[in-house]
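These are the structures, in structure tokens.
Two complexes follow with subunit A in common, the first pairing it with subunit B and the second with subunit C.
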Partner chain A sequence: MKYTKELVSTLIIILITFLLAAVLIIVAKYDPGMALQSFFYGIFGSLHGFAEIMVRATPLILAGLGVSVAFSTGFFNIGAEGQLYMGAIAITFVGVFLPPMPPMLHIAVAILAGFLLGGIWAVIPGFLKAKYGVSEIITTIMFNYIAINIVGILVRTVLKNTESALPYSPVMPKSLSFPLLLYPTRLHGGLILALACAVLIYIIMKKTTIGYELRVVGFNKRAGTCSGISVYKNIVLASLISGGLAGLAGVSEIAGVHHRLLEGISPGYGYIAIIVALMGRNHPVGVIISAIGLSALQVGANSMQRQAGIPTSITSVLMGVIVLLALGKNIMFSGILKKMRIK
Partner chain B sequence: MAEAGTVLYYIVTLFAASIRMAVPLTLAGLGESFSERSGVLNIGLEGIMLSGAFFSFMAAYITQSIIVGVIFGCFGGLLISMIHAYMSFKCYVDQVIVGIALNFFSLGLTSFLFMAYFGRTTTVPQCPVVKPIRIPLLSDIPIVGDVLFNQDIFVYFMIFACFVSYIILYKTVWGTNIDAIGEHPKAADTVGLNVKKTRYITAIINGCLGGLGGAYLTLALLGFFMENITSGKGFIALVVVILGRRHPFGVLFAALLVGAAEALQYRLQTLGSGLPSQVFIMLPYVVTVIVLLFSIGKSSDPAALGISYKRSSR
Partner chain C sequence: MPNLQLKDIFKEFPGVIANDNVSLTVEKGEIHALLGENGAGKTTLMNILYGIYTKDVGTIIWKDEEVSFKSPRDAIESGIGMVHQHFMLVPTLSVAQNITLGIKDKGYPFNNRKKVVKDITELSKKYGLQVDPTQLISKLSVGARQRVEILKSLYRNAELLILDEPTAVLTPQETDNFFEILKKLKKEGHSVIIITHRIPEVIKITDKVTILKDGKNVATVKTSETNENELSNYMIGRSLKTFSSREEVIESEDNGLVLEHVGLNKKLKTLTDISFQVKKGEIFGIAGVDGNGQKELAEVIAGIRKPDSGTILIAGKNMNRASFKTRKKAGLAYITDDRHHEGLVLDMNVTENMILKDYDQEPFSKKSIINYNVVREKTEQRIKDYDIKTPGVKTPIRLLSGGNQQKVIIARELAVGPSVVLACQPTRGLDIGATEFVRQILINKRNEGLSILLISADLEEIVSICDRIAVIFEGRIVGIVKNGADLDLNKIGLMMAGHIGETVNS
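For the complex of A and B:
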């Protein structure tokens, strides 16, 4: 019976979300029929749509995994956006300043650098939280703004493409590109990296002592301390893994999509990753599913914007509402469920 | 002599600008102080300010009346803060997560409605802005007069609100009740204080003041609205609350500090140093982090901050 309740709650959430979207679209005087049609056409209408969902899901899976590791350890990492940009900076430095290397080695070095720089960007707030109790929510957010401005500074100075007046870096060498998986779409090897990371995180979090200790600290700090698990060590470790994974999202965006560093490479992936982790209940499989779901929502919304002129910011409204409904469903829907005699 | 005059003028305008930059942070920070003292951590402050900024702009744009703008600014902030209250008091959802979700909601809603109303225009729609009010006599005092007594109504209101908040929080029984509820809701409940009601009231104060803080951006500082106009000011206000240790004048002082960084940032940008403007844009955020480091070890968080209170739980 528990499953029936879950299923009905989920259906109610979907229904409310659709109704809200319809209300917004109608209030704003857009064409709801056109909107619905273009939404679903964007998602299911073509191979290109499918590939685009996966392309967008790739950084969401990586950053979402990162956020989920942090959340499981009780470290509220809101800074995936900044860590993503740090990863992007790292791969660009590897491409611009390191000597040419064979492709596999080059990518490996870039991945390592991206993981480290993203990780460092999260370890600083992690350290401040673990050692001094400084709120990580604030520091990670401030670090987002700082990282984005650092990108702005770098593409105008050290990493600037001297042959162009525009603020972006030179194009990365071929050896720093992920292979395309489904020509002629943009689907690239980053997806494989993301899925591999999901498997790895699943093993670490659920099958090893390291993951066990991380989760204990997240569940009950005091119990952890009492049984000899260092809260300090685990929060720092969680922030490193978390920031590192978000850094990989940045590496993947450069190596798979943009091939050069420029401002605004992330349309808020780092923030959406928080929702991905929340909806995925901090489980790698859940993260993959919710990343693909939210990515589909965005691709559909983009299609609505092209066809019906509806601003894509509608997705932020819906994501916020979905999270609120999903978290509050047991109490919010208790009246409805009682009437339907579902226990 | 002329040189000294320009330097003096420069300093006076910088101080005056610092105070104006501190207004949204102080107002939002005061509201959040009430909320946090009663044990409710509202990370959705950014969303509250953004919603306040948007609704005040729309109301002022449509009616061309600043007063209507101010009222709708409060209403906009209240909208977000009431959802936060409902979700955390009624549904017992983690307050931080509700805050994060509400920031999304507010960002999306304001951008969507703004785009839907104005479409893709090249001209920026403007709303009326408040004018500075010279206070007779006091504004004639050299330097201080220009810095303090030739400001807009919001600045005077900010100082007034600090005094009132101080009196409420430190000199009234209700203020002590708020602290009691933030420290130990169960004990407070046992002696007959109404935890839920008090928290709802602090949430209302938070929404109104946060909304006003956002309204100040559109109705005084800028005169227009754009997507994500608050760009992290709500989070900076959270830092101001921590640094000011939830004391009204502490909040004001901390806000002035960050406000000065912001005012300086704009000055430095226009100076033409040859450095990319991002160096200066990032200054307030860097200052905020540094300022936060100064609060290390002086934590005085209410014991029940961020924890939902369930009467039946043990």
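For the complex of A and C:
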């Protein structure tokens, strides 16, 4: 019965979103029929569309998992964006400064480095919160700006490609590239990494004492303390895992999509990851579904822009509305659900 | 003609009928008890009268007029005052400021303070409600705060006073004083409704009793025509249980729990020089008015706070610097007084809460992997053993009643074979059935030879099951007495108010 309720509320959200989209499109004097057609063509029309959705979903799943682990522990990590960039910096350093290695080892080293650097970027706010009670919402946001600007400095100095005038790093060696999964599309091995992480996080959070402690601290710190569970240790641990996963999103973007470090590699994945975690109810499966859903929305919107000339900013409006509806659905729809006698 | 009439009040909350056609009639100058267990709908009914909730169906007639108060302000203006169980006072303001809070008298916002103080002094003399109007609330005792609350209502010309569990926080002496005040109020023609579940007090002070059970009227009787047994039968459907007297204390070398000169926070004197031993096969009670260091004492013993001085021994081992987990391994079980914030994780289900203290122990987990099959089996077993009423093992603990939540905690704490039980207010907020269950378990565990430390502000509870009773006042043990037929409650009452008593060691 729980699932019927979920399903019905999700359908209501989709319905409201489409109605609102239609209104916005009509008000902006575009053809809604054409818009709808190009939207769905973008998503289902070709193999390329499917691959594009997955390519976008990959960093969202990784960063979204990270945010969800932090949220489950009561650590409001808003800094996935910065942690993603730190992960990207880490793999670039591995590519530029470490000697050549066999591909598997090279990737493994890069993943480890990305996880660690992203993790450290979140552990600093985590430590400040656990030890001194500094609001992690402020510190993680501030750390985003620092990370983004460190990238700006690095691609103009230490990591700059000396053969080019542009602020890029050199192209990564072949051994640091994820394999393509569905040639000729851009779909790359990062998706497998993301899904593997989802499975791993599911096991850690639901089946181990580590996850149990994290969740107890997230729900009720006081009860944790009274049962001998260290709030300090678990907040630091949650921030490490959280930042590490966001760092992997950065690794995956470099190894799978850009193949070198440059500014603006993330179109706000770290922020959308927050929405992904919220809508996915901090559950790995939910995170995967909502990451793919939001990617599809964006891919469809891009197609709408290309084919019908409708600005993608409409999608941003819709995304905001979806978040509001998803977060408030239990209260907003309770009347409707009651009338439909769904419990 | 009665002063107040509630007729067929019906109120439903999502999933619960709180008041099912309840009626109540109160005459002028009458002290009327509203008697019932927790959750019987007493407070809901009074909140409806006072304008905090709105009724679904029913009529309220107050002084020959049908009324329906939209907010407490309406009720106050019509001459109805309510003193809540948790006082609504601003501790940083003076008595006079609290009493006049929100009143816009002539000259507002520049009130004539001298006149206010004079008026309050007159009022307090008239009713015997001794308070100094210029004193800060934070400096007052609980009894004095209650007098301020009553004055607050009288200052607003309340003719009917509703008192929610007024004696719950008072010492026996303060309670006597409070009864005197009630008599004066009655003499001046005020009506009083007392919400309570304490039968002896009902017999002692009231004129009439209305008993509620499960949101329904059970009976309305004249106090002079009834007795404790009858009221108990009305309230819970049977007579109150009396508990078996103690068996012999088992003396042994490690003597369960020992505290030697324990102190916490020397500046504030939260706890000073606390020493006692809880022997095997003994229930040792700590009595005292709430907020005299009981909570801190429990936390020092449990290892949640570290003492500044002194020694704590559990089963003979020094535990001063030990963490909660180490103490637990040494045999300590801790039943906290705050189920919702400390004892349970409300957003988790019954199974997950059942392992809150032993999730990292075999057989529940091995090498960090939790074995949920074992956990479920054990949970099902304990649900059976402790008669926990729950729809299933995966039910969120939030949905269980207070009594069943407490049973989950007790099952969890006692099932692993502790040697020392630290029970802090274990029956607070429970109905009588659950309360008796908890007390019986503590007695059974004592008979099995466990050392039990019972910290409770409910003197009745302490007296009914403890073997020895210590009284705590402002962080000090002011005396330890042996429980028995010759126990002098008056003496304990005096100690609860800070008089130094004797100390008995066995």
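Keep this in mind: the second predicted complex is superposed on the first by the 326 of 343 C-alpha atoms of A that agree within 3 Å, B and C clash if a C-alpha of one lies under 4 Å from a C-alpha of the other, contacts with A are read in each partner's own complex, and residues count from 1 in each chain.
The rule is simple: a contact is a pair of C-beta atoms (placed from the backbone, for glycine too) under 8 Å apart; a residue touches a chain by one contact, two chains touch by 3 or more.
As the structure is a computational prediction, the values presented were derived from the model and not from experiment.
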Combined model on subunit A where subunit B meets subunit C, clash or fit: fit
Larger contact residue set on subunit A - subunit B or subunit C: B
Inter-centroid angle subunit B-subunit A-subunit C after superposition on A [Cα, multiple of 10°]: 70
Contacts of A:Ile331 with subunit B and subunit C, given as first, second, both or neither: first
Touching partner for A:Lys207 - first (subunit B), second (subunit C), both, neither: second
Touched partner set for A:Ala223, first subunit B, second subunit C, both or neither: second
Partner chain in contact with A:Ala70 - subunit B first, subunit C second, else both or neither: neither
Subunit B versus subunit C as contact partner of A:Val317, first or second or both or neither: first
Distance in angstrom between the closest Cα atoms of subunit C and subunit B, superposition on A: 6
Subunit B/subunit C common contact set on subunit A: none
Residues of subunit A defined as touching subunit C within the complex: 207-210, 212-213, 215-216, 219-220, 222-223, 225-228
Subunit A residues within the subunit B interface of the complex: 24, 27-30, 76, 78, 128, 132-135, 137-139, 141-143, 145-146, 149-150, 152-153, 156-157, 271, 274-275, 278, 311, 313-321, 323-324, 327-328, 330-332
Of all residues in subunit C, those that touch subunit A in their complex: 302-304, 323-325, 328, 334, 336, 338, 341-348, 352, 355-357, 359-360, 365, 368-370, 372
Of subunit B, residues touching subunit A in the complex: 43, 83, 87, 90-94, 96-98, 100-109, 111-113, 115-117, 227, 231-232, 235-236, 238-239, 242, 276, 278-279, 281-282, 285-286, 288-289, 292-293, 295-297, 299
